[in-house]
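Please find the structures below.
Next come two complexes built around chain A: one with chain B, the other with chain C.
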Partner chain A sequence: MKKSLAFISLLIFFVGMEFAAFSQQQRFPKPEFESGYAQPVTSMPVPRDGMFALLDVLVLIAVLSLITWFILKKRSRTGVVAVSIFSILYFGFFREGCVCSVGSVQNVVLALFNPGYHIPLSALAFFVIPLAYTLFFGRTFCAGVCPLGAVQDVFLMRPVTLKKWLQKALGLIPFIYLGLSVLYAATATDFIICRYDPFVGIFRFNATFFMFAIGAAFLLISIFIARPYCRFFCPYGVLLNLVSRVSKNHLTITPSNCIQCKLCENSCPLDAINKPVVVKQMEDKRSATRRFILLSLIIPALMIVGGWTGANFHENLAKVNSKVRLADEMLHFDSKTMKESLEIEGFRTSGKPVEQLYLEAAEIVKQFYYGGWILGAFIGLVIGLALSGLSRYQYREDYSPDKGACVSCARCLKYCPVEK
Partner chain B sequence: MINRREFLRNGFRGLLLGSLAVMSGTLILRNYGGEEASCDFDFLCKGCDKLKACRLPEGVKFKESK
Partner chain C sequence: MKKDRRDFLNTCFRFVAGAGIVGVAGVLAVKSQKGDFLWQLDPAKCTQCGRCATSCVVTPSAVKCIHVYDMCGYCDLCGGYFRPNVKNLSTGAENQLCPTGAIKRSYVEDPFFKYEIIDELCIGCGKCVKGCGAFGNGSLQLQVSHDLCVNCNQCAIARDCPSDAFSRVPIEQAYKFAGFKTNKKI
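Now for the complex of A and B:
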């Protein structure tokens, strides 16, 4: 415990030093010249200082290693809570929720689809490092390093277990959200995860009323339902869930052999503990074959229906793109009856021919048509797999964490009476 | 002796790790040696001459002068 306290004190000291440097960096405004020289127009937000970005990555690695050690070696819930509080303060309030791993999915997708976009290395690191850790140690990133998860976790007081069917149904939302965010990032339209992040406005103290209300609602729900954003919205959680299923050293409830005392049975607020399953009677071959054929047909059928539906909505999906929206406005603009909007005026002052705008917009709409097909087919596949998963049988003798859904919060550990 | 399930898991883990490494390598190399960075991402730079969502000083000033 002394060692961990020393480590946390070091981290706080580290952050304190950085804060001093940060405040110095912000101290001097741009100079004003008496000769009338005008500062050049800033077309991009001021990039974060390279050293700070590197520091963010180093802190991420340090905190991830520390929490993994707390979970897998020390089996300490207190350690997880301490790291969670640190993450809320550092990645949340001090770093204002940016760069974050959840949003970095979009940077990676944008970089993969648009060679002109150079991804910041910190965004790439924030995407890759938690995935690599999850591959070996389970979702220790979700446990207390992600400020979005940590802030919900500290609010949890009276956990209520949701019905299984409701969890399954709501569990489809992150896949849809992931698909949409990939589509919008790939078409260079918008970063919707960042735009609709419910907590970032709270971390920055500058949320609009609407976003503040959503963030506050999530925090209020978090008092009763564990991590609603992580379970039912987080797109990065989808990737971590899939990767965690093959993790090498995942958290175990018992440090030795399970004695089936059932004390941990209801300890997980996320309902992520698999209970023992009785041996199933052998299904007769005919009904098993029929079920297999039905499932083999239903998944491609759902994918085709989903793809077709997605493609039919492509024009609506494309309207989020500013170029498409502007082209649409220009097309329907009537100077006699309508007042020119700021966007139209901005476009006219840029001197670009309107035909070029229409061509570019048409190209984007075409991308959305193909994207709509892929998104719809993906959603169909997810629904199909979820349906087929309902009939999947897996024999289990002991109580064990559901490696995909478990966020390694370590709450269940204190319920286990078995000593090492 | 590892069982079939463990063998598949190991294979999948290696594949994922390899894919992450290749993807990261490609993106990093592209940053240094590939196409030049373009600023044509309106939603990132808030498209300063399109104005509505622009919070940069120039955009704010223009909107105020309207």
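Now for the complex of A and C:
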């Protein structure tokens, strides 16, 4: 008798728990106070953003205009350094490096793929405005507005040149990184650029040890190798690089006409100065045709191989998604031998049927399958184009910055003896 | 002649790139008209795992316990305030559930007590929330305090939360309470 009573009360307790989410008031009804007690208001502090977001965009435009003027009109490295320091202080330490243009790529992708998500206007502005400036003036944004670029730039003391092949090989990483971050943003999995931002933890003084070590390593390397993050990781740099190649008014090393004195030849810490290509090196028609045919075979082949590889790895790629991971965990969960993880406990309390979770996870895995194909093909294409770039000669008379790779830091300008 | 052709191609590509940028901006600007979003957690999904206290990028966490007074029973034996199996209902630290002593208990009238959260002390660990949910009305609830939250592009707790409780919410519904509707506009 006693046992069954206990059981019934337990049952009532559990039903009560189920009910709790909807009618929690029932358990202990709110008392009717007689002493004229005034109940405090439940605190709901107002968001602090709003005004700052607008201010950020205005500051961005102002600083970009200023640095562009310094670079293109004044041709002043000092101006660039001054702006860099301001950017580190404002966008970095004061605004704590968020939202930044680099990360905004993911907001844009998420907004394009996910109809339910409305991108904040400031994130959109941070994505578009530097690209628009770059289209007209080259990568002046990189020069000293981007806090990530600026903080590496001010650390550069003893630049060393990397081997050309190494630069080319490392230069492929940003494309892969961009591809991955687009894939993860499009599937609403994670914002990996923000997660692995090496400097944001330093700007905020709260990095985990691991991220702090990475950030510090980047800064140490920056002393010798110019802008390692910009050149070999930054996914937004990929876009800026492409846009800058067709920019209208890019910085030129000489204010007037190049006299081929070669003084600037080794002045660029990023190795972004193209040497003149003498006519003799130009290839003849026959070999050009042969090269063209070869490339038109190699590039599609690389894309197919890349796509196939990517699709084969789609399950590994999908593991990053928390839902897929949870479904996987549930599938292999054995309540006898294993301890329930927090994730499984959370899922159990949510009362969602397991089948639904599996269906949702399967849907995501399918997205990753197609995503894997696209990502792989994209990487194949990039490698193919990089190969074709190696074997292409572009006729050039003067020393000039490589419009894609040059970040308009204005270091090379003072090497040129030519007066206006 | 060679140079002209290159310039012409460059101009073409420039217009293509420009059109692309304007296109993306245009499409998304229309969408972003709908207003800003903030991060918030759904107390109905939260399992008080404790990661809210540790994963936030601001220290102490931007997640705080918020007391929804309308749901509170003003109990003497508060499941959110006292440890389970306390001997006597005194405010000694050894009796309190909250690791930082962030809950203030004050007498209202017999037999009711008021519990207030001292925001400066609360670290958002959710211990009291768990206690209140298990033994009380569930009037203590974890919420992202928007005056402290820096509204990260990707909330660091959201990706660590085992219960998928975090989501972006429109600014008009900045707070989400379980079993209690916020009609107030911010």
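Brief remarks on what is shown
Here is the rule we use: the second predicted complex is superposed on the first by the 364 of 420 C-alpha atoms of A that agree within 3 Å, B and C clash if a C-alpha of one lies under 4 Å from a C-alpha of the other, contacts with A are read in each partner's own complex, and residues count from 1 in each chain.
Just so it is clear, a residue touches a chain if its C-beta (ideal position, glycine included) is under 8 Å from a C-beta of that chain, and two chains touch if they have at least 3 such contacts.
Keep in mind the model is a prediction, meaning the values are calculated, not measured.
Within the superposed three-chain model, A:Ala188 lies in touch with chain B and out of touch with chain C [touch as defined at top]. In the superposition on chain A, contact of A:Ala62 is made with neither chain B nor chain C. In the superposition on chain A, A:Asn206 makes contact with chain C only, while chain B stays out of contact range.
In the superposed pair of complexes, A:Cys98 makes contact with chain C only, with no contact to chain B. In the superposition on chain A, contact of A:Ala132 is made with both chain B and chain C.
After overlaying the two complexes on the shared chain, residue contacts for A:Tyr395 are found with chain C alone; chain B is out of touch. Residue contacts after overlaying the shared chain place A:Tyr117 against chain B and chain C alike.
Residue by residue along chain A, chain B and chain C are tallied for touches, and C comes out ahead. Counting contacts by the rule stated earlier, residues 41-45, 108, 111-112, 117-119, 121, 124, 128, 131-132, 135, 190-191, 243, 246, 248, 322-323, 341-343, 345-347, 349-350 of chain A appear in both its interface with chain B and its interface with chain C.
Within the complex formed with chain C, the residues of chain A that make contact are 20-25, 27-31, 33-35, 37, 39-50, 53, 96, 98-99, 103-104, 106-108, 111-112, 117-121, 123-124, 127-128, 131-132, 135, 190-191, 194-195, 204, 206, 242-243, 245-248, 322-323, 341-343, 345-347, 349-350, 395. Contact residues on chain B toward chain A in their complex (touch as defined above): 9, 12-13, 16-17, 20, 23-24, 27-28, 30-31, 34-52, 56-58, 63, 66. Across the complex, chain A is touched by residues 2, 10-11, 13-14, 17-18, 21, 24-25, 27-29, 31-32, 34-38, 44-45, 47, 49, 51, 57-59, 66-75, 108-109, 112, 114, 116, 119, 133, 136-139, 143, 145-154, 159, 161-165, 168, 171, 174-175, 177-179, 182, 184, 186 of chain C.
Interface residues of chain A facing chain B in the complex, by the touch rule stated above, are 41-45, 108, 110-112, 114-119, 121, 124, 128, 131-132, 135, 188-191, 243, 246, 248, 322-323, 326, 341-343, 345-347, 349-350.
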